[in-house]
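Two complexes are shown next, each including chain A; its partner changes from chain B in the first to chain C in the second.
Up next, the complex of A and B:
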């Protein structure tokens, strides 16, 4: 908590006056009662915007009115069938007051009265129609937005075998609805903010009232309030602007496109940040171990999840260390390899022109290039790249005498290992760290590997994510939390929320829920059933 | 930012300037699998058995064409010098690759070298950080070179053959660490396995054979004074509590044919005692056996026969041990059994008085051998097989 205070002081000091937003000034103008003047103002603002439609007509054939909307953001069908006809009828003109008429007989669920030009623009941008009426110093925004959306799909980056298959989409309203469907309690709070001078992107901070600690919420608010950029297109923008150590390779925020992951984290007292226009939500605070957990850990049987976690921890080390250990052992510590294995390696390395260090670097870089090409390539070229890739990292490279067969094994194993880490961002951080490790191994041997490991460990120990130590609950050690780090204990044993985020309400569920066939007998006999 | 760049440059140059000084690529190493030490007049001849990775078949040439070629994966090179270190320097002159001793499996002494004393060599081998204390030490009945230059038909190198044979523990299995312990121990004696060449089969070249362990070389101090055959060696293994595998064949009174049994577990205790100025040693052997073969017509489901068998087995063991004692204790006067250590442990005060005269006292110790054999299982057959039921003596 002290940490928060310190940070805030700093931010106050560094607080730079907000960026001057020139184009906002005319928007502050209040709408006048003269419709022509209002149309003029808006037309100058929307000069050279071919997608903004101005449609003038008379309400009930008497009162001058203009309806404005942005083509493509509005449900034109509804406008034509429901809104315009009811406005053009005679009754409309005869109604006592226009406002009461609109409220009573316009078949639109959400009506907002707007006073300023700025509000008009905001409503137009978010897909409402703005109705300007002559002799009225205010306009009415009709919310009949509709635009093209992607349908719900299974998240491609975080597949599961068992578990919900829906993922977030680019639409924030869909995403919030997905979340609301998972957490039906009114305690789920969603606070909207707008970022980006030009993009005006909606960003929603969600948390569960009574579970998320106030200090955390306050800290999230403070960090978000410092953001002042021209545009936001992905939550990674926010991530980069709010994380604790901006130079670190390690992600200090969890990103996910799964509503179930967000919901589960909210229940542990964390805070999620959703943004319009991207399916990725941010969850803070994160610890290194939470990046190594997959949602499926909780959907599989607990013993299996435990074993899979151990496998992940093992392959985490493999992905970081295997090439460097191979290089170190082969160039400095030949006595450490079992004789037969060493002889096999010696035989396969006999005709290789490069030292082990160079060989390892070449192959690892080629692997990274292949991976990158695989993500970026157009679908039509996919087959070609995978065939060529198999040639480069494979038999052909060995036959050409450029790399040795064991090195191919090492590279392939490292590649596989790094993909066992469920969060891509964490996996790629370790994959990048492997290169300095290889260099250290090639220059200082195992000593260098140890040195590198220590440096990484020290760095990770200094990291914090929103005040939570990055290596917690290992460092600082909290035995109680090992139930969800070293192993994954059965659900009926996880009665307490995590200590670092769930401080406000520690109890997660009722105790003694271990299922037992004998347990229900009392109730049954009391109920008079036999 | 400037500071970060300076830090980066400094740390990088630290690695690049000082880093790789002791780096050796695997391709630049000559992997030694066996060392042979011979005495050539006044000089020492060191023979190194090297693996030639090119000939190993696996790896770069994936054709798989000559993977089946027998042997030929090793070569031997020798160097001579006044000391072992000298000889190594001389040997290195003849090799394009750096000698690497980290994978030495066996150290073979020629008989002449063993008789001339091995202490200096042991000092070098234990002082050198690369050689392993776990490598096996053996004595060859000819020269060490003649053992190492063999190209065995089954294993990759003759060094590997010797290591496997030692590990099977049918006879002595002594590592460099054991030798160093024996030489610096109280007993002043050591025993090393001794190898001889297996006669060459027909249509094979003279090198296509192996050396096998068939004797034990007895050392007094650091010099070899003689050797004992395989039977006596097994007696010594009984006393040293190192017996792992043994088949004992006996015949029983009142029955034709023999019975062979094998040891499951055996344990030997040395119990020293001191009375009236005389040292006594009791060797207490207990073993559990299984019957392997029954050529008699006795049914082993009769308890009487089992008792008879157990007694016969015990007697055979005692005889074996006594024969070893007679040769090694009475004739060679070499305490390879570790009597001195046992006495030192139990009678530390008396030991201080006698340790200088140990060589005189050891042959005079009265040794009593006791054996207790339990036959645990008569095997899968209830009756002797191959004879009619009514001829079986129940």
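Up next, the complex of A and C:
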């Protein structure tokens, strides 16, 4: 908490007046009673906007009115079939006051009265129709928004064998509904904010009241309030603007497309940030180990999950260290390799013109290029990449005498290893660190590898994510939390929330839930005996 | 100045490599020289110095719970004389850090990188340590927590892998010349244990003070047991020729050969040992930087991290003209040098503190 206070002081100091920018907020002009003037104001604002529709008509054939909306954001079908006919019918004019008529007889569930031009614009942008009526100093916004959405799909970045298959989409309302379906308690709070002078993007901070600590919420609030940009298109924008160490290679925020991951993290007292227009939600705070956990760890049997976690830790080291260890051993410590293996390796390297260091660097860079090409190339060219890739990192390269076969093995294994890390951002950080490690290994052998490793560890020990030490619960050590790091203990043993995030209301579930046929429901076992 | 807090366990985790890292390399040979086959007993005698030093540091800490040795020596001995004692500590830790860095450099040069310049080896390590020290006590503590379990597991693994090469006969006859040789063998190692006085600089930052004492003594026991185990291993594997090696543990590791595959693991052992040496240097370096800042009454110690690193590099270079001189210095002068500064001066300080507080305590 001391930590936050210190930080806050710093931010206050930096609070220099914002730069003057060209874009001005739409003026808070109040709508006048004269409809033609209102239409004129809005038409000048929406000059050269072909997608804004102004449709004039008469309510009940008598009162002048104009409905305006942005084409494509509004459910035109509903407008044509339900809204306009009921406005144009005879009774409409007969209604004593228009306001009560609109409230009582218009078949639209959400009506908002708006007083200013700025509000009108806001409503239009979020997909409402704005109804301007003559001699009325206020307009009515009818919320009949409808735009093209992607349907719910399985998240491609975080696949599971067992577990819910739905993922977030680009629509914030869909995402919130997905979350609400998982956490039906009213304690799930969703606070909306708007960011971006031009994009006016909705960002929602969600947490569970009574589980997330106030200091964390306050910290999230303070950091978000500092954001003042002209546009936000992905939660990565927010991530870059709120993370603790902006220069670090390591992600300090979890991002996920899975509602179940968000829900489970909220239950551990974390805070999630969702944004309209992207399926990726941010979860804070993150620790290094939380980036190594996949949602499926909790859906598989606990012993299997434990084994998979250890496999992941092993391959984490492989993806960071294998090429550098290979280079170090080949360049400096040949005696470590068993003689027969050394002979094979020497034979395979006999015709290679490069030293191991150069060979490793070339192959690793080629691998990274292939990976990047595979992501970025149009789908039709995908097959070509895989064929060429197999040639470049494969037998052909060995036969051409450019690289040795063991190096191909090392590079391929390293590539696979980095994909075992469930969070892509963490995996790519380690893949980038591989290069300086290879250089260190080529210049100082195992000593260099160790020094590099120590530098990485020093950096990780210095990092914090929203006040939580990045290496926790390993350092600072919290033995109690190791139940979800070293192993994945069975569900009936996870009675307490994690200490770092779930300080409030620590008890998660009733104790003694270990299933035991002799306790309670022993009808079946008795029946079996007789 | 230092706002971080560490836990008592972290304190123990910092103390362990701060003593073990170089002790494990040099102590077996020095002990074997005097104690012969009773060398396994010497660390136990030596640990008494550690226990006494820890006791002195803790008693002093009880008198001045929020201050480090630099600060309370000025309180005990008066401003002028206290500053001189503070300077003695500073100079001692600067010199000691230099010696440790030199031991590290000589070990790496002598065994692995024969043609690499010593200054580069020492300088790269000091640079890495400087980054850790800049992070403060919390970072050094967390690094210890990550690395120490690995170091312990690796030591244990190597002891296990050496079991096929062990000759238990080597330890007989016990007490061939009475108890005296093992006591003689303990004279040098006990000066390593006096380095436990480092806790006097770290205790004020321990969050759970009550456990601090327990864990400080626990670390002394752990160091003692590790040294006994290592001495046993070296004795069982190498026998009465142990004293002839400069680094007997490395020589013992060369015996490892399992299934014709796990062989020649020296480089691997070196890499792990480098992590231990890093922690040792980082702890000394941190204490040095912190006490210098306190002695000069600076507001922040981060400014002087790199300048002091440079000084350590110089002292490492000046520590001895070559490795033989260094071994000679370590094998002869250290008991007087290390113990004077780290046991005798603190003891005098404790007596002074008692005298200052006479009558105040019931």
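We adopt the following convention: the second predicted complex is superposed on the first by the 510 of 530 C-alpha atoms of A that agree within 3 Å, B and C clash if a C-alpha of one lies under 4 Å from a C-alpha of the other, contacts with A are read in each partner's own complex, and residues count from 1 in each chain.
Keep this in mind: a residue touches a chain if its C-beta (ideal position, glycine included) is under 8 Å from a C-beta of that chain, and two chains touch if they have at least 3 such contacts.
Given the structure is predicted, the values throughout are model-derived calculations rather than measurements.
Chemist: Identify whether chain B and chain C fit side by side or clash on chain A in the overlaid structures.
Modeler: fit
Chemist: Mind working out whether A:399 is in touch with chain B, chain C, both or neither, as first, second, both or neither?
Modeler: first
Chemist: Which partner does A:351 reach: the first (chain B), the second (chain C), both, or neither?
Modeler: first
Chemist: Per the contact definition in the header, classify A:442: touching chain B only (first), chain C only (second), both, or neither.
Modeler: The answer is first: A:442 touches chain B but not chain C.
Chemist: Quick check on the superposed pair: does A:332 touch chain B, chain C, both, or neither? Answer first, second, both or neither.
Modeler: Both chain B and chain C are touched by A:332.
Chemist: First (chain B), second (chain C), both or neither: which does A:454 touch?
Modeler: After superposing on A, A:454 lies in contact with chain C but is clear of chain B.
Chemist: I'd like to know which partner A:477 touches here: chain B for first, chain C for second, both or neither.
Modeler: After superposition on chain A, A:477 lies in contact with chain C alone.
Chemist: For the overlay on chain A, what angle lies at chain A between chain B and chain C, C-alpha centres, nearest 10°?
Modeler: About 40 degrees between chain B and chain C, seen from chain A.
Chemist: After the superposition, what is the least C-alpha distance between chain B and chain C in whole angstrom?
Modeler: 5
Chemist: Does any part of chain A touch chain B in one structure and chain C in the other, and if so which residues?
Modeler: On chain A, the residues that contact chain B in one structure and chain C in the other are 332, 335, 444-445.
Chemist: State the interface residues of chain A toward chain B in the complex, per the touch definition above.
Modeler: Residue list for chain A touching chain B: 330-332, 334-335, 339-340, 342-352, 355-356, 395, 398-399, 401, 404-405, 439-440, 442-445, 448.
Chemist: Tell me, which parts of chain B touch chain A in their complex?
Modeler: 15-16, 19-20, 22-27, 29, 31, 33, 51, 53-54, 56-60, 62, 100, 102-103, 105, 130, 132, 156
Chemist: Within their complex, state which residues of chain A touch chain C.
Modeler: 2, 6, 329, 332-333, 335-336, 338, 444-447, 449-451, 453-455, 457-459, 461-462, 469, 471, 474-477
Chemist: In the complex, go through chain C and note every residue touching chain A.
Modeler: Residue list for chain C touching chain A: 3, 6-7, 9-10, 108, 112-113, 116, 121, 124-125, 128, 131-132, 135, 138-139, 141-143, 145-147, 260-261, 263-268, 270-272, 274-275, 278.
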